[in-house]
Amino acid sequence: MSFLQLFRKTKSNKQYDELTIKSTLLELLFFIVFLAVISIITLDMSGTSMFYMSSMIKKLFIERPFEVDNDVEITFGDICLIDDYWVYVNNVFLSGIYADVGRCDKDARTNMEYQKFTVLKENLLMGPPRLKQLKVRNDSCIIDEIFKRNFRECYGSYQHSLEDTLPFGPNNGTPWTYHTSEELKDMFLYGNLHIYAGGGYYLDISADSCKSESQIKELQDGGWITRGTRLVLLEFSLFNTNQNLFCIVKLIAEIPATGGIKTSFSIRTLKLLTFVNSQNYFLMICEITFLIMVCWYTMVEILELYSESWSYFKSVWNIVDMLIILISFGSFAFSVYRLKYIEHKFDEYMKFPNKYISLDVLAFCEEQYNNFIAICVFLVWIKIFKYVSFNKTMQQFCTTLKRCATDLLGFGFMFFVAFIAYAQLGYILFGTENENFRTFRDSLFTLLRTILGDFDYLAIEQANRILGPIFFITYIFIMFFVLLASVATNFPIE
Amino acid sequence: MSFLQLFRKTKSNKQYDELTIKSTLLELLFFIVFLAVISIITLDMSGTSMFYMSSMIKKLFIERPFEVDNDVEITFGDICLIDDYWVYVNNVFLSGIYADVGRCDKDARTNMEYQKFTVLKENLLMGPPRLKQLKVRNDSCIIDEIFKRNFRECYGSYQHSLEDTLPFGPNNGTPWTYHTSEELKDMFLYGNLHIYAGGGYYLDISADSCKSESQIKELQDGGWITRGTRLVLLEFSLFNTNQNLFCIVKLIAEIPATGGIKTSFSIRTLKLLTFVNSQNYFLMICEITFLIMVCWYTMVEILELYSESWSYFKSVWNIVDMLIILISFGSFAFSVYRLKYIEHKFDEYMKFPNKYISLDVLAFCEEQYNNFIAICVFLVWIKIFKYVSFNKTMQQFCTTLKRCATDLLGFGFMFFVAFIAYAQLGYILFGTENENFRTFRDSLFTLLRTILGDFDYLAIEQANRILGPIFFITYIFIMFFVLLASVATNFPIE
Amino acid sequence: MSFLQLFRKTKSNKQYDELTIKSTLLELLFFIVFLAVISIITLDMSGTSMFYMSSMIKKLFIERPFEVDNDVEITFGDICLIDDYWVYVNNVFLSGIYADVGRCDKDARTNMEYQKFTVLKENLLMGPPRLKQLKVRNDSCIIDEIFKRNFRECYGSYQHSLEDTLPFGPNNGTPWTYHTSEELKDMFLYGNLHIYAGGGYYLDISADSCKSESQIKELQDGGWITRGTRLVLLEFSLFNTNQNLFCIVKLIAEIPATGGIKTSFSIRTLKLLTFVNSQNYFLMICEITFLIMVCWYTMVEILELYSESWSYFKSVWNIVDMLIILISFGSFAFSVYRLKYIEHKFDEYMKFPNKYISLDVLAFCEEQYNNFIAICVFLVWIKIFKYVSFNKTMQQFCTTLKRCATDLLGFGFMFFVAFIAYAQLGYILFGTENENFRTFRDSLFTLLRTILGDFDYLAIEQANRILGPIFFITYIFIMFFVLLASVATNFPIE
Amino acid sequence: MSFLQLFRKTKSNKQYDELTIKSTLLELLFFIVFLAVISIITLDMSGTSMFYMSSMIKKLFIERPFEVDNDVEITFGDICLIDDYWVYVNNVFLSGIYADVGRCDKDARTNMEYQKFTVLKENLLMGPPRLKQLKVRNDSCIIDEIFKRNFRECYGSYQHSLEDTLPFGPNNGTPWTYHTSEELKDMFLYGNLHIYAGGGYYLDISADSCKSESQIKELQDGGWITRGTRLVLLEFSLFNTNQNLFCIVKLIAEIPATGGIKTSFSIRTLKLLTFVNSQNYFLMICEITFLIMVCWYTMVEILELYSESWSYFKSVWNIVDMLIILISFGSFAFSVYRLKYIEHKFDEYMKFPNKYISLDVLAFCEEQYNNFIAICVFLVWIKIFKYVSFNKTMQQFCTTLKRCATDLLGFGFMFFVAFIAYAQLGYILFGTENENFRTFRDSLFTLLRTILGDFDYLAIEQANRILGPIFFITYIFIMFFVLLASVATNFPIE
């Protein structure tokens, strides 16, 4: 039941029909305007300039090749030795950071301030980049009885409880002393292998490139990356005044307990301040319209909730309405909070330009906010189906659906069991060697993609010469057979 | 109603049947000859030599790797720093241009004329290549209140109205002075990020390679590419006497407001003079036949239009006929104009071989001309269906179609709404990081391609670890479900 | 009617039934043995060692990177300048040829014979490699009136009739004098752009690597590759004693009239002598069995032809039988001829080890022979359907097919017209820039592959920003709609 | 019949219904717990750390580029000359092995022990790496009469019976003397071309990198890789104490009789000791539960077998039960044996750290064990269908299936014959040049993948310019036609 219907109830019955049509039309009009306004606002939110920002940073720090020993060219993703990593830090990372101010030159003045630092000419470095590591303790795994005679050191996989928090090495600065995540104000980090806590041993890289080079050299020579190191993280934030964009870059190097380095990265670009665009007059009108409409919408829904009480929650569309309203209000609140937070952070940066600024919390919130907005718009679009549900085709479709629901569920269950069985089989058989079956979840998605025609048969065969092909063929046959049978049985076209 | 039927009307009724068959057969014959002639002419128009010209130029200027600092190899597409760009200009571009005459040699004579310049031995350089840039003004964006204390410079995204037209730098020549698009006779340019106007600061690169090297050096050292620069364009035209081909090359380097460089290119090869081929006798006969047929065709259609007046426009086939005739005449007119224009341009080039010649207008017209011709031929092919429409299968097909038209439309609408909703969701969720969802339009096409089995699941997962997979699975299920349901309900095979 | 049925006719009627079953079973047995024998022989014919031979040669000469000026690495396929080509010849080709004997060393003896030359240790070089070129005449294209004032040279696309046959350059040897294809005993060559005749200017590369280096240098400095050059070909043959394999390698560099170089290659490995394998006893029995069976088979078919006269040709299976027999006899004849031919060539090679030996004719015949054999085996397999045609399912299937044959043809025609129309549209719109639409034939196959889900949307969009996407979407919709409609209308599942 | 039904038989008839439900529910509960326990155990078995171990080793030894002569970069997979191989061994392999201890330094002490050797910091090298080769005899193939005059050496493809076992070269150590597979305790090896026996000529690479370099040099200069060499193998084992993982690495270089080198690799990571994880308490409980359940399960099945005797084997589910039990017991037995074996091997390693340790037998067993476990879990999952078989949908589905079984078989046969015919045709036509049709088996899978939309049309066209496209088109049409016809005829949706 929609909000314009509320008025209808007070009228007499004979005016009913005319009013129904009118109210439905008015409601539809309201809905269309609402949809238009919310679409304009959200489509403006994620412009292509954000994509280009991310992609330029990626080009500079991730895709740029560099030379390791023996004149061999690799990129960030190819790093597998700790020596490679240090070469990367020196040749790609520092070069990227100092590209606009020039690398170390003994004769030039060395009193640089981060306030003048830019990356790719246009992006201000918000405080120094930070190099951070997390270690695990020596006793972080249990050595088997057989080996205990010979081995005394054992560094397990990363777990927060196993973190090493003791100072080590020369112990003469932040790189050699543990700091908790409260001290660093960093949030947890999603890596490829684990979720890492926010603390660690860190080094804020100096604005003076000569000094930073010697800092890095010191860490490298002093064996900063030890056997227990499980994560080495380079993080920095950029701010682009032209477009009011923030970019939070994390260059992640995970060291599994099996050695080697698994690199990954996270480049999140945020448009934090939407009110200062050049086309802001039109947008502002939209936003105000949106605000008013949401208020009106809320009122209507409250009235409806009041009149219908619990039966209100029985309709799916009412719940959709509520979700839309809640997310809308949440986003207003967040917008205001965000503005304050940024202002605060920026003041801090202005006062102490050489102090590291963590925008992790902001980025996390912003991302959640963005997700909620996206879902909100999606729900508004989906609400269209509410207005076309009286359509004959739709009803016919729904009737067909209801009639064969149990059959569909039956086949769905069969499908699901076969799917899970194959996913687990694939995980056990190929998980050790084939990236697509690396985890149970990957295995599930790989099999889903196989149905859609996106598969890598040769990798399956390489992982298991005999069972691989059998797995593939039987899977294909069973899936297509079940799908076909299900379709054929469930759509008894009359 | 077709043109041979016109005669029928004057005859008595009993001769009707025989005449109908005759006229239909004659019409069909006319049509087949027409189709053959137009196919021969157009298939000749775009020979493979044009493809090879484009692809060789691409190989030489785009795909050729070059070394930047640290002995690292990149190609045109990998450029992301302004320094890289200058290395490219020096090592790839100038090398390509001077490949056949040799790079700067102090002892050799330096009085070169462009008339003797060739690229890849066979392609004459039509005047000097031009290096051009477009800048935006300092006040081209609004700095937020919070930042205003600290930042005074702001260079926004490119818009024509925000263009910087003031002289800058040493201000001692064309590279430092703005010229309008009227002065330069250049057309607008489609880039990846924006559409750029035709004006700008430019440098015509000297035929003397020693001089051009110092010119480029001067620009590089003088900071020609400033913070406000939004487009750096290298353009030149080639002419191949062997095949009478023109090739208009544009090497585009866009600098987004977020910094970095986004390179792209446009290599358009045109066959401007079709009458001078070696196999021209046969082709000439075809073209004359075509001319005569179009005239006859036109006459018939005019008679028909005269006899049927407004009801003429009710038949789709009549409109198709009219379009074909209009495009045909348009193409004749353009062919004649083109010949004159080229002759004029070439005379100009002969007189001032060191003056830059812009073929932009020609290329644009030629491309539109080409598009119209292509559509014309397509329409002629489609006209076949007119002659087979009495076929039983076709009628049955049409009947089926009409009966389920409303159902199809209903499902089409559902499909369309779900599609748009997902496209917007994808754009907001992944647009910042995934190239395939960069713009709303890209998002639409990406989702269309996903249905056809061409998707990149890993990139979606990388862009959003949690909502990415959910988006993908629900999309797949809903689309296939709706498609299946639509097919099953709409084709009630009796 | 099969061969065992012939006896039946002489018997009385009451023995008929029993005999029918017996004869059918005997015929089936004969057929199964025949199928087994022919499968064994042909599966042995193309062993994996042939694939590895081709792939190793490809790795060595095609995929091996080399450095051109500016320390940039490219491979054979990236060559686009004539200078690159000479670098390739020196650094990859000569290195590959001389890998086992060592490159030029002044102090070492220089009297090498090709008989001792091997490639990849195991493959004997059959005579010297040959470097050959084809040129076109200066007047091979017509210069337009406008340009005639300025240009006097014009070298058109390759055509046999336009070939330049005059001596040029220093005119002091085979590289500067034309030789006809009769003199060279070379066959025509399928290139990417044209079919080239067998004559040309050639150089047989010396066994003495010091000499060959100076020969190559002489050609390079003397401007051997002129503006008129349309093909530069490197060809040589290898023989592997271990496996009795011949490998005929052609490294093709085509120079279109638009300049640049389009490289391709042809590596054909032939197993010419099948009787000398180590497992030859079993194979020999198979071959003899095959010979006997073919004779018996022939006799039966002749008898049948005699008894049925013209009605014999009405049955498809009889024609299949005849084809099988003809191909079988043809292959016997060729096997014998081949052995003689090879022996003759080898004798020639033994006598004049430094003379170039052309195996082109042999390779061509062998390939045709191979194709015929392949088709023959395929026909034998297809003959199985003859024996299962009494099957109920098959009959039902055939009945269904016959009933909807006209409908299918109608839809097939619609499909075909739409397909051709789109192919021509694609060719005209994208042919200049997109490799997949380069020729009309490529365009056809690209559209076929698109239906199967193998397409490159981004390349279409890049070639035409506006019509590309429209082309793609309408094509997809029309094709799938026609397909669906065709299936739905034609399979009225009862 | 399930185990809880056994009790039912002793009860009176009227308690039957209630008991049936109870017993079925109990059985289901037992089954669910069993499924959960076995899933937990097996999902733990193959963790992602095993994948990362394999992938890091792969990155270091396989994907790492290296420079051969002419400053050209290639990787392990690009190796095609024997010289390349030696460069690989020196620059990549030895560098990887000695990365943590440093390459040869004359001044440093050279008395290294393998016990201190690590790869990627964390992985202990279990004894020295071994370089091994296999050769074939000179008379391993038959030279044809024509060539016998000129060639006396012939080295055929690898076969165990043709192995060369004579000492050769300086004959002063293991590299020049043949050792049988019994002596070396190595198992056979699956290569790309052949299966190789375990014996050969070998060199255990010294822990002293100076010494090992000279050893390798000696082999290279002494011509260790001869014309007869068919396999060069580098093998070593790593042990990771942190995760209790063994990694058995084999770097395979096969030399076909046609020359060149075909490289491949096998990196198998094993988790041999499951009882020592940090989360072992929960896992241990699971394993004990599993043990108890299997015993109970066994008992039930034995009782059932006893009561039903031969009719027991008629039910598919009973056979599945038996398989599950047998595999479970087998795995217990193997676990115990494995522990002992490893302990023994490790003791050996501790005593003689510089002696090569072959873990081949273990790896082979472990892999089989892993396969059996995977199949066991799959069977348990599939058993779910036993419990849902009373479902109405399933029954309907089965009925449909039975009714059209013969039709399906008929079409299946047609499909199969056409498939085989095309596979053989493809193998003969393209096998020499197209990797996907290299063997008959590859050809089969390639055609299967083609139906699923994963094909490489251009490679087919490149292999045979005329028959390739015809093959492709006819295959596509026939397959889709047969599939469609089969579906349309077999699912007569009522």
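Think of it as A, B, C and D in the order they're written, each chain with its own count starting at 1.
Criterion: contacts are C-beta pairs under 8 Å (C-beta built on N, C-alpha and C of every residue); 3 or more make two chains touch, one makes a residue touch a chain.
This is a predicted model, so every value here is computed, not measured.
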* Asked: Starting at chain B, how many touch steps does it take at minimum to reach chain D?
  -> 2
* Same residues or different residues: which describes how chain C and chain D meet, taking over half shared numbers as same? -> different
* Give the rotation angle, in degrees and rounded to the nearest 5, that superposes the C-alpha atoms of chain A onto those of its identical copy chain D. => 90
* Would you kindly tell me how far, in whole Å, the mean C-alpha position of chain B lies from that of chain A? => 36
* **Residue numbers of chain D (touch at least two other chains)** => 71, 73, 453, 491, 493
* Structure fact -> Pairs of chains in contact here are A-B, A-D, B-C, C-D
* Structure fact -> Given the complex, residues on chain D that touch chain A span 39, 42-43, 45-46, 48-57, 59-60, 63-67, 71, 73, 91, 95, 99, 115, 118-123, 190, 240-245, 267-269, 273, 276-278, 280, 342-343, 346, 350, 370-371, 373-375, 377-378, 381-382, 384-385, 388, 391-394, 396-397, 400-401, 445, 448-449, 452-454, 487, 491, 493-494
* Okay, in this complex, where on chain B does chain A touch? -> 70-74, 78, 80-83, 140-144, 146-147, 149-151, 153-157, 193, 227, 256-262, 406-407, 410-411, 413-414, 417-418, 420-422, 424-425, 427-429, 431-433, 435, 438-440, 453, 455, 457, 461, 464-465, 467, 469, 473, 476, 484-485, 488-489, 491-493
